[in-house]
Amino acid sequence: MSVLEVSDLAKRFGSLEALRGVSFAVEEGEVFGIAGPNGAGKSVLFACIAGFYRPSSGSIRLDGEEIVGLGPHQICHRGLVRTFQTPALFHSLSIRENVLIGARFGGAKEDRVEDILRFLDLERVAERRAVNLDLFTTKRVVLAAALATGCRVLLLDEPMAGFSFGEVERYLDLVAEIRRTCGVTILIIEHLLDVLIGVSDRMMILHHGQVLFSGPPDEVRRHQGVVDVYLGGGTGG
Amino acid sequence: MDVSRSRWAMPVALMTIVLVAAACRAPGGGEEGGATGEEEGDIVVASAMPLTGPYASDGEEMLQALEMAIDEYNAEGGLLGRKLTLVTCDVGALEVDTIQACAERLLGENPDAVITGYDDSGVNTLAFGEGDMPYLHAVTMRAAIEPVMDDPEKYGNVFQYDPSDYDYGTNAAAVLPDVAERLGFEPANRTVAVITTDYAYNAVGADAFIETIKQQGYDLALKEVIPFGVQEFGPILSKIEEAEPAFVTFWDLDPSDAARFMQQWTRQFGDTGIRSLVYMQYTPNIPEFLELAGESASGLLWATVIGVSDKIGRDKTDYIRRWTERYGHEPFSIHPFVVRDAFDIWAQAVQEVGCVECYDKVVEAIRATDYLGFAGRYRFTPPEEGQYAMPGDDLLPTIWSQVQDAQNVVVLPDVAAEGTLQMPPWVPQVPQE
Amino acid sequence: MDAFLNSLASGLIVGSLYAIMAMGLTILYGVSHVFNFAHGHVAVVAAYLVWFAAVRLGLALPVGVAAALLVMVVLALATYWGAIRGLLRRSEWGFGTLLFTLGLAILAEYALLELFGPRVKSVPAVLPGSVRLWFGRLALNDLFLITASVVLMVLVGAFLKRTLTGQAMRAVAQSLPGAQVVGIDIDRIYGATFIFAFVMTGLSGVLLGTKTYMTPHIGWEWMIKGFVIVAFGGLGSVPGAIVAAFLLGVVEALVTLYLGAIWIWPAWLVTFIVALWLRPQGILGGRST
Amino acid sequence: MRGAGRRLMPLLRPRNLVLASVGALLVAWPYLGADRFVLHVAALTFVWAVVASYWNLTNGFAGITSLGNMGFFAIGAYTSAVLAKELDLTPWATMPVGALATMALVTVLVGLPVLRLRGIYIALLTLAFADALPSVITIFRAWTGGGIGLLGIPELLEDLEKWQAYYFALAFFAVAQAALVLVVRGAPGLAFVALRDSEPFAQALGVDRFKEGLRVFAISAFFTGFAGALYAHLLGQISPAMLGIEQFLMVISMWMLGGAGTLLGPVLGAAIITFGNEYLRVAGSLRLGLLGLAIVITVLFFPGGIMQLVGRARGFLTRPRRGGSDPDTVDGAALPVGSGSETGEGR
């Protein structure tokens, strides 16, 4: 059974159709990459799955159970956490407390906090306030807080935007490590096709709110529609 | 989270210390409550009064009356040759805890007497009764004299220098049928309407009225408990119109409420007519009432258990002259007169016994008072009966006035009457069937 | 039936009082998101000024009103440029303005107490006399109040729709960043809004002064009543406030007729909870804040 | 790393030492010759400090703009007083009942509807709630005494002395403050800091605004109700006047002037305002003017309240972990308060 199953999802804002008939399924333990040009509806999709938007129609099943209509915190309690493209940490708290929020309210045990801090190499800075951190540390804190909830499905929204090349490498290593040791299913939105192809087990391309392509990463480049969109849209892949 | 645990430990420790300390023994702190000052310093008169909030206009005159009294006594060499000083405290909107705080504060000054106009809605006796010095107040409430009845030992120093709210009710029930008879007023039925706030001063009087008038065979057609500040009496007037009770009684201390009621009453019934007499407790005595209600109040009857009439009590002209000289206008209300009466009663008692700090003797002397003041003759009931100034036509008469041509005219009792009762303009001349 | 009609008339009168109380408050909130705790006191200050001019100085009523409104303009400018403008630039602006207006209200009460004393005052009725209808008499002044509240509503509506300043105010109300983008001078618009709201509020105080009389203390009552009505109708919505005011006025009259006056506040509260449950933005409040 | 040394160290921080000596001073005060009046006002101060602190919990910490806390206070006071009087129970039993009743009533009647709303609407509904109470008290006048008030409420002890009242109030204050520290440093406090800093992220991590809000509401109602009950039994009489505008302004000024969103602010505010108010009663109406002036000046020049002044003088009295050089707080004294930032969409 798929961990996450989205079928015929639609989201309209007034007359604007952000998502139309989106269907896909994610299997347990895989890394599922999502790409698409700006305005393709990637973030809206995440917002719908994580309960921030209520879909106009369609269904979203987590472990076979319908989660449409639940609030973000309820969906988190069921084991699905999303992160945001522009991360806003809890700036008046320390890094440890940022992670603690996830552990305490996400429903996991709090003794995970130290392990997670160590795992993401945040131990040394744990007492620092989460303000004016460099981007890579920020992203690691976000990951740590998300993992602290004990989630089984993690939605990462363009986590590597703004990274240097080296940082991208290190981040991808982390993702792989998380997947290996924690057995977390990961959905990842990424602008850069290359990066996504490297890390994903399967991929999906969204365009104008619709699924353009869905399948193994190595087939993406051969798909005519994707080529058209990415070349025609002027966005290098 | 060991950090939070350590923060938790501190208050717990503190609390333990507190409880242990509390359990240990009585500290010597505030033991003295009564008189300690044997020294021949100033005589301290304390007073609590509402200087801010909704009752501030009364409080202002009470303060002026006391200041004038003290200045006048001091100009004459003080009392027993000692100078008088005044300490005051603002009781604001008469909340319970402000009165208690005021009492604590004023008692802390070791006053030789507490003299107020009114300072409270019924807990003053308990608060000021803590001390031994004589305390004279005109709160005009049953709640203020009940503690004295219950514990004359402890509260024997508390005097209410006028009758109480309860007496308004019994008096109105006794006098209204008499007024009807004198006027030749023929009611449509033998019912009464009561419109009252829930404020003790009003509610106790209203309840006493209902109780007493029922014994005379009247039925209660309507009882409306209203909040202060009602803007539109339309719905209530409609109910009155249907019931057409013989007496409509209105118990609301706020002069603007009362003024609105009369304006709307006269508008509603001025030309269609209604066979009802309208009575109010005290409120038209507040000068703003007539200013606001004006002509529309004509025909209204009202009473005050302590009042000022030219024909009763001692001559007021000189006092009014001195007041006007000092403050630039004549007294607005009765407070300048009655507060001064209370002050004089106390001062006379002190002079009689020849000492100030001998509180028991001064209290005894006040109990024996038979003093003719501006408002009438003051004589107090025994402590077991609450120690308040007795009502009575030859003592403190309940003064009935009627508004005639937008003026207050004293109509009862006969000894004080300045004019005669007139049929209210809204009562139809020829009884209709 | 007459009793019912009579009560209904009372309800409309009270409703118009409430509508007048609420108007300035809702406009100010709608445009600037400043919740004016001194609203009631601004109204009382104007009422006292008119009393002073008309009764103490013996000037004609319109002259007094004009003078009072002029003072309102000055007060509005002083409040906005002297304090609110600075407060709005802080991250804590909502809390800061709330607290500031609260302090201002207390100061105003103190000033009135010192200047005019604690005694009850009233503004002379604009239209003395009364008119006879089939179910009873209505005071002309009350009819005037009902008319005035409706006329004011229409005028406010026209001002917001037709004039350039009004349009800019609406633009700011709908979206502050949007308004800034199209080049609206926010300071100017806020200043104008404060003037507009203070003048409206002052006018309301004068109208209220003819009916409910005033003491330095009464501003709180006016503020709280206005507060509830504005919320009920939807913050920032002028028609909403008017509808809510008349609705509550009529509810109040009927509750008084059938249950007793003491049930007014509980009835308000229940109506309020139900209304908010059904429409969390208030009756006609379009914007969710 | 969790040895005794590390646990003892924070206890010896200067901040805690100052607090401890202030505490000791408070305990010793009646022995140091404080008179009746001072003890009376001090006891009231403790009660008001608790009310102000928990008002600050909902508004200053949790960003729930409640204006109805005096209503909670009155419910606690009346419930306990009526039970003790009518059923002839000891106040020690009725006070917790009063507090629990307040918690239940407020959570169901106010919390559930209110927490579905936002910002200023919460303020309005809670205010309407508190303003409806005097009518309710009047309607049930058979028990409550109506506008006359309830007199002769059983006191905590027979012939309660002022110094006893003082210690009871102090003990209650200490417990309430300890509980407040737990709440603020504990889960609800953390949740609200998180919601304020970044609401979407907090929600994504499983923070439930409604549940936490309800919890804070319940806790606040419990202690405010308890304070009301204690107040009733300390004074022996209560009346609906406690719901009047003056009392409301006083208590709200306590935490606003003291410093919203700080732990010590409301306590200092309560002390200054209660004592100032009582000592200024001799000054008549000037009291009002001074209060108004104090508020206006504070807002304009010291938006962090008294705590900002204290914080400026000594950093350690403020909240060292969450204060510091936070760009969003003023001199590290005040935490943001929900009212404005929440309702304002466009700033």
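By letter and in written order, the chains are A, B, C and D; residue numbering begins at 1 in each of them.
The rule we apply is simple: a contact is a pair of C-beta atoms (placed from the backbone, for glycine too) under 8 Å apart; a residue touches a chain by one contact, two chains touch by 3 or more.
Keep in mind the model is a prediction, meaning the values are calculated, not measured.
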item: For chain C, the least number of touch steps when starting out from chain A; value: 2
item: Most distant chain from chain D by Cα centroid; value: A
item: More contacts between chains, B-D or A-D; value: B-D
item: Chain centroid nearest the full-protein CA centroid; value: D
item: Whole-Å separation of chain centres (CA-atom averages), chain A against chain D; value: 42
item: Centre distance in Å when chain A and chain B are each reduced to the mean of their C-alpha atoms; value: 74
item: Centre-to-centre distance between chain C and chain B (centres being mean Cα positions), rounded to whole Å; value: 36
item: Where chain B touches two or more other chains at once, by residue number; value: 52-53, 56, 198, 225, 227
item: Multi-chain contact sites of chain C, meaning residues that touch two or more partners; value: 113, 217, 262, 264-265
item: Where chain D touches two or more other chains, by residue; value: 134-135, 138, 285, 288, 321, 328
item: Chain-level touch network, classified as line, ring, star, complete or other; value: other
item: Chains touching one another, given as label pairs in label order; value: A-D, B-C, B-D, C-D
item: Chain D-touching residues of chain A, taken from the complex the two chains share; value: 50, 52, 71-74, 76-77, 81-84, 87-94, 97, 100-102, 104-107, 129, 131, 142, 145-146, 148-149
item: Chain C residues within the chain B interface of the complex; value: 2-4, 6-7, 9-11, 13-14, 17, 113, 117-120, 122, 130, 132, 136-139, 211-213, 215, 217, 221, 252-254, 256-257, 260-262, 264-265
item: Parts of chain B lying in touch with chain C, wherever the complex brings them together; value: 52-54, 56-57, 59-60, 198, 224-227, 229-239, 241-242, 255-256, 259-260, 263, 267-268, 270-272, 287-288, 291-292, 332
item: Chain B - residues contacting chain D, complex; value: 1-12, 14-15, 17-19, 21-22, 26-30, 33, 51-53, 56, 63, 87-98, 100-102, 104-105, 107-108, 121-123, 126, 143, 197-200, 203-204, 225, 227
item: Chain A partner contacts - residues on chain D that touch it in the complex; value: 187, 190-191, 193-194, 196-198, 200-209, 321-322, 324, 326-329, 335
